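Each chain gets a letter, A, B, C, D, E and F, in the order it is written, and its residues are counted from 1.
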Amino acid sequence: MFASMGYAVKFVSVTNGDAGHQTEGGGALAKRRMAEAKEAGKRFGVEYDVLDNHDGELTPTLEVRLQIIRKIREWNADVVIAPRPNDYHPDHRYTGVLVQDAAYMVAVPNVAPDTPPLKKNPVFLYFQDNFQRPNPFRPDVVIDITSVWDKKVYAMAAHQSQFFEWLPWIGGYAAQVPTTSVDRLAWLSKRLAEPITDEILKSLEKWYGKERAANVKYAEPFEICEYGARPGTDEIKRLFPMLGK
Amino acid sequence: MFASMGYAVKFVSVTNGDAGHQTEGGGALAKRRMAEAKEAGKRFGVEYDVLDNHDGELTPTLEVRLQIIRKIREWNADVVIAPRPNDYHPDHRYTGVLVQDAAYMVAVPNVAPDTPPLKKNPVFLYFQDNFQRPNPFRPDVVIDITSVWDKKVYAMAAHQSQFFEWLPWIGGYAAQVPTTSVDRLAWLSKRLAEPITDEILKSLEKWYGKERAANVKYAEPFEICEYGARPGTDEIKRLFPMLGK
Amino acid sequence: MFASMGYAVKFVSVTNGDAGHQTEGGGALAKRRMAEAKEAGKRFGVEYDVLDNHDGELTPTLEVRLQIIRKIREWNADVVIAPRPNDYHPDHRYTGVLVQDAAYMVAVPNVAPDTPPLKKNPVFLYFQDNFQRPNPFRPDVVIDITSVWDKKVYAMAAHQSQFFEWLPWIGGYAAQVPTTSVDRLAWLSKRLAEPITDEILKSLEKWYGKERAANVKYAEPFEICEYGARPGTDEIKRLFPMLGK
Amino acid sequence: MFASMGYAVKFVSVTNGDAGHQTEGGGALAKRRMAEAKEAGKRFGVEYDVLDNHDGELTPTLEVRLQIIRKIREWNADVVIAPRPNDYHPDHRYTGVLVQDAAYMVAVPNVAPDTPPLKKNPVFLYFQDNFQRPNPFRPDVVIDITSVWDKKVYAMAAHQSQFFEWLPWIGGYAAQVPTTSVDRLAWLSKRLAEPITDEILKSLEKWYGKERAANVKYAEPFEICEYGARPGTDEIKRLFPMLGK
Amino acid sequence: MFASMGYAVKFVSVTNGDAGHQTEGGGALAKRRMAEAKEAGKRFGVEYDVLDNHDGELTPTLEVRLQIIRKIREWNADVVIAPRPNDYHPDHRYTGVLVQDAAYMVAVPNVAPDTPPLKKNPVFLYFQDNFQRPNPFRPDVVIDITSVWDKKVYAMAAHQSQFFEWLPWIGGYAAQVPTTSVDRLAWLSKRLAEPITDEILKSLEKWYGKERAANVKYAEPFEICEYGARPGTDEIKRLFPMLGK
Amino acid sequence: MFASMGYAVKFVSVTNGDAGHQTEGGGALAKRRMAEAKEAGKRFGVEYDVLDNHDGELTPTLEVRLQIIRKIREWNADVVIAPRPNDYHPDHRYTGVLVQDAAYMVAVPNVAPDTPPLKKNPVFLYFQDNFQRPNPFRPDVVIDITSVWDKKVYAMAAHQSQFFEWLPWIGGYAAQVPTTSVDRLAWLSKRLAEPITDEILKSLEKWYGKERAANVKYAEPFEICEYGARPGTDEIKRLFPMLGK
């Protein structure tokens, strides 16, 4: 969405994906994953970096925290998005912890002194998830992505080994994966679509007004992390210009 | 309870218990603890394994996570039970974290490739505790253990150095420990008994009906962890056949 | 407050502060910070220790946990106060985790056997913070510090490099820092003052009665940590004699 | 050689081999390697265990040391053979360090208390290598393996992905690998054969007498590690009964 | 020398130098050191990279090994030079270990799969040192650097905080450091000059012939590390074209 | 010897001895060991500190290095003595490494900034051992301890659990340990006595002259470590005044 509006966007994978597959693995798989990520980045029109940490072995070490701090700084990020520290996959949970631990420190000059610090703490957002404990996700900001949904699905589809091989296998629905590219896009679109819950609708109405909110088919909700900058309404509108004013 | 119904059950202690004692310690204590665990296993009619990690020094490392993943896989577990990551003892909290981190990964073939992965993610349950922050324990499933209570107490009593020496000492009630075996069983029964709270009663009524629930004297409540398989009512009844249908 | 009533109080900084500054750093900064801490201790009339761990690099290791266990034991502490494991700075969050992990273990003789264990688990308290997730701070006990407020501000002002240099710089309000000592005290007093919220007022009323509570200008609220001793009302009054009876 | 004389022999690979290949990797490669190791074990008539540590990432940690201590104890080993801590591959060097660090500790009861300690420190031997710094390998004991050489080559050939794929690729001689099994055995025999140096010959003469020594075509030399038991001549003859008397 | 012949040379500092100074430290010092390194690189006509690891805290971890592997690969190095694992400073010793551990692995594709492996193992050389235990440095190759000596001294002099502040202070000869730039160069030239020992002379004669060897005033000797490629005489002459033929 | 001449001497045990015993262990054993160390210190007339690190688990971490740096600094040591990094026990080897890694760093102000650095690098010595690889011990300095031998034996005998229980058990000579104190002293004297080898005699002659050297019955040889200060003959005589002049 941002990318389609001309903003500079960077995706970062905190692990190299060298474990999440049923028949491949190691550096060979990591290289396939990296190529898929580069293709996804091309389709999105964004940069896509991969940190070379083992998949399935992420722990919240200082080393990885510093990798993340440098990536955020090099990008001079205004907004950083990460999973919450609760998710079904430990790598995702620890990515959440690591990004929390990078917040604020990105502005401290004596930390990672080889990379100039940010002038100010960015806004840190959490991706949506459905976990309830210790507390559920809260859709503080919701973006209408209806107009770019197909593009998003197409870009995500570049992660072939992930969406058409590994996740269906581990999820027990490998038999459902279509064989043609066209069918796969339609199928992936259905899998990725999340329902517009009442809570999300309410947030959409807040940001877009009742009328437009009613017409949103695909939405991307975010929760504002308390450890980053805490933007007020105006600041949120400045950061997310697609919200209108 | 499971064991008495003919199911295969395995207990695993994540540490070797080599620190929790007022006068003994180290390998000597670990060996005593292991013998007590084996005896408890015999009384319960279950297997009882001890992972050789220092007591009081558990941290959520990849090494211990992999130990736990292998144990769960070797047992081909349908259900895994662990403490929540909040408890008075850091080893218990980190056991909770470690078991969470083992969930899902037990089904990933490239993780611990020396041990065949599970076909599917088991159900992960939390033991009951009374901690309220960040959120209290929730008795999703409660098992009536009235009929096996005495057997449970007898089996637990095999952990002599724990229940009759260390815990009374550190808890300041060493003077209350009776001297004869018979008195100790009665005393331990009282110590281990947890009240049937309103919330637990409600869950018992859900699973057993009002009538039987009213007669339950001893109950074992569990919370379903969000990172394992999420069983519906039918699946829960299949996994816990003692619940009746 | 305690100190002014003749109680023995010790402050411990878990890191050496060698990173939090815009132009200085390393051992040179650590030494300046230590001198400031000693001066603050003198003004408070308390001991002030600094653990020599890198600032901005704290992780919840066993090594640091043991450092903290020894400090608590050497002091024979009745009450231990720490940040909650949620705060904007990762060092503060992990201090919260580390102190939680020290609770209970301070009484276990086989842990850190070079330092005699405490006879009983102290009361562990959390400092106030404003973070809401996963759950907000709860002012279980609130102390009226109106009478010692000026003294507290004066003592805190000893942390010059912190309050008049680093925090204003990173917070973007360096231009507001006054130049004279007198003006700095007045300015710091305003910065440090926290509003008496309704919830804090209610707690003040519980402990001091309505009348006195209404006159409190400066208060220090604490939440009781569940992993330490859980004091009842009488025990709290014994531990905090300033609460009256 | 030992195996062919009816002695119980166990091979242990300290890593799972999941990195050493030009096109495969991860758990998938580890499983292939494990199958090859089992086949090699079968051909040798020995047990062959694989410790599930990442290939190319071995460091001399306490965790791996304890794995090795348990293996040595479970096998009740009289003799343990390992690379010297100098070799071209860091995993080999650290295996040397780890086995040195396991020596003596295998007899200490409080170390790895879940596994009964050995009654006495075994003899630790180093495999031959050609590194000169800081000091060259010394052939303290040399075994005439002429009679079992073909069997050894056949057993080693079970490590297909190692000897016919990876090592030729990384060594730049992939083009020389023959295609038929028979040719591969002949080719591997030549590659594995090490010259009988003057120093080795001298040691052979010491243990076998001049006459037999002169007829040895294939020999396996070992250096006695100073951290294990230090066998005298008689003890060496008892441990290596093929040496004659 | 190489640089002056038009070869591409890169210097890498494995730590950021944030500790080695008597009055400065941390990120502030690291930044000064980095600027000095860049200036030195400019004077030498080479690239100069600094790895952001704490000075005085280097240990041979996998993380730093991988940093070094990536640097060697990115540079597509033919020759890598490092200290031996014996030296007065632990950071130097562990740099020696780390570079040894990077040798060979730079050619393994599954290691650091984000960076294309080298086609072949480079030649690894050790810098000269005077330590005798466990074995002395051996000048396998010696380069006549007489013609570039002044340039080298001038380039080294860019490390101001090192050569004119820190090393004189810790070495107890701070009073001898001259004040003007010109005097400092002359003084540094004397400090950096190492005598041409008999052993070095012999090596010079081998590579340059007796006549030229006799006229060498400044020489740079290297020992060939056994874990890298082992160049023969011709290969050495190809790698060091200044040796003549 | 030093102590009996009025010099201030401190012994430091780098581990707490909580593993080296056949029937005891953990904190309980550590406390017994600490009491024995204090008693030994009293008999020697020296301070005796124990660092609380697990016995049998020492690795050369930064944390333990810093503990050792602080001990050396607090004592303002002129001479530091440690085992060589080759010895039968991994804890001894890593103590050798750790003390080497503390050398020089004890004088660096930014390392462990909470403890004032030494003005100069002390002399580091190695204790005698009999290991030959990679190079044998070299008796650079040998002290005649004949006159204090009985006192030394008496002081060592304070390590009861070590010399009369553990070492005899693990060494297989438990049956030889006498029962009375007097007999034990005589027996220990014999066990601790090391022969005056030709090499030691030569060193004795160098330092004491032929005549006195011939009468030495008990000697303590040391090797000078290359990473500490390198004393000349005069400096050695100043540091070891018992050598005469």
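Quick note on the criterion: contacts are C-beta pairs under 8 Å (C-beta built on N, C-alpha and C of every residue); 3 or more make two chains touch, one makes a residue touch a chain.
Only a predicted model underlies this, so the values are computations on that prediction, with no experimental measurement involved.
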**Item:** Chains in simultaneous contact with subunit A and subunit F
**Value:** B, C, D, E
**Prompt:** Between copies subunit B and subunit C, are the contact residues mostly the same numbers or mostly different, with half as the line?
**Reply:** different
**Prompt:** Approximately how many whole Å separate the CA-defined centres of subunit B and subunit E?
**Reply:** 58
**Request:** Would you kindly tell me how far, in whole Å, the mean C-alpha position of subunit E lies from that of subunit D?
**Result:** 36
**Asked** When the C-alpha atoms of subunit C and subunit F are each averaged to a single point, how far apart are the two points in Å?
**Response** 43
**Message:** Can you pull out the residues of subunit E that are in contact with at least two other chains?
**Reply:** 18-19, 25-28, 30, 109-111, 113, 134-135
**Asked** If you go through all the chains, which pairs of them touch?
**Response** A-B, A-C, A-D, A-E, B-C, B-D, B-F, C-E, C-F, D-E, D-F, E-F
**Asked** How about subunit C: which of its residues touch subunit F in the complex?
**Response** 16, 18, 26-28, 30-31, 34, 50, 52, 63, 66, 109-115
**Asked** Which part of subunit E faces subunit D closely enough to touch in the complex?
**Response** 60-62, 65, 100-101, 103-105, 107-111, 113, 120, 134-135, 226-227
**Request:** Spell out the residues on subunit E that touch subunit C in their complex, using ranges where they run on.
**Result:** 18-19, 23-30, 54
**Message:** Which stretch or stretches of subunit D touch subunit E in the complex?
**Reply:** 18-22, 25, 55-57, 59, 86, 88-90, 93, 131-135, 170, 172
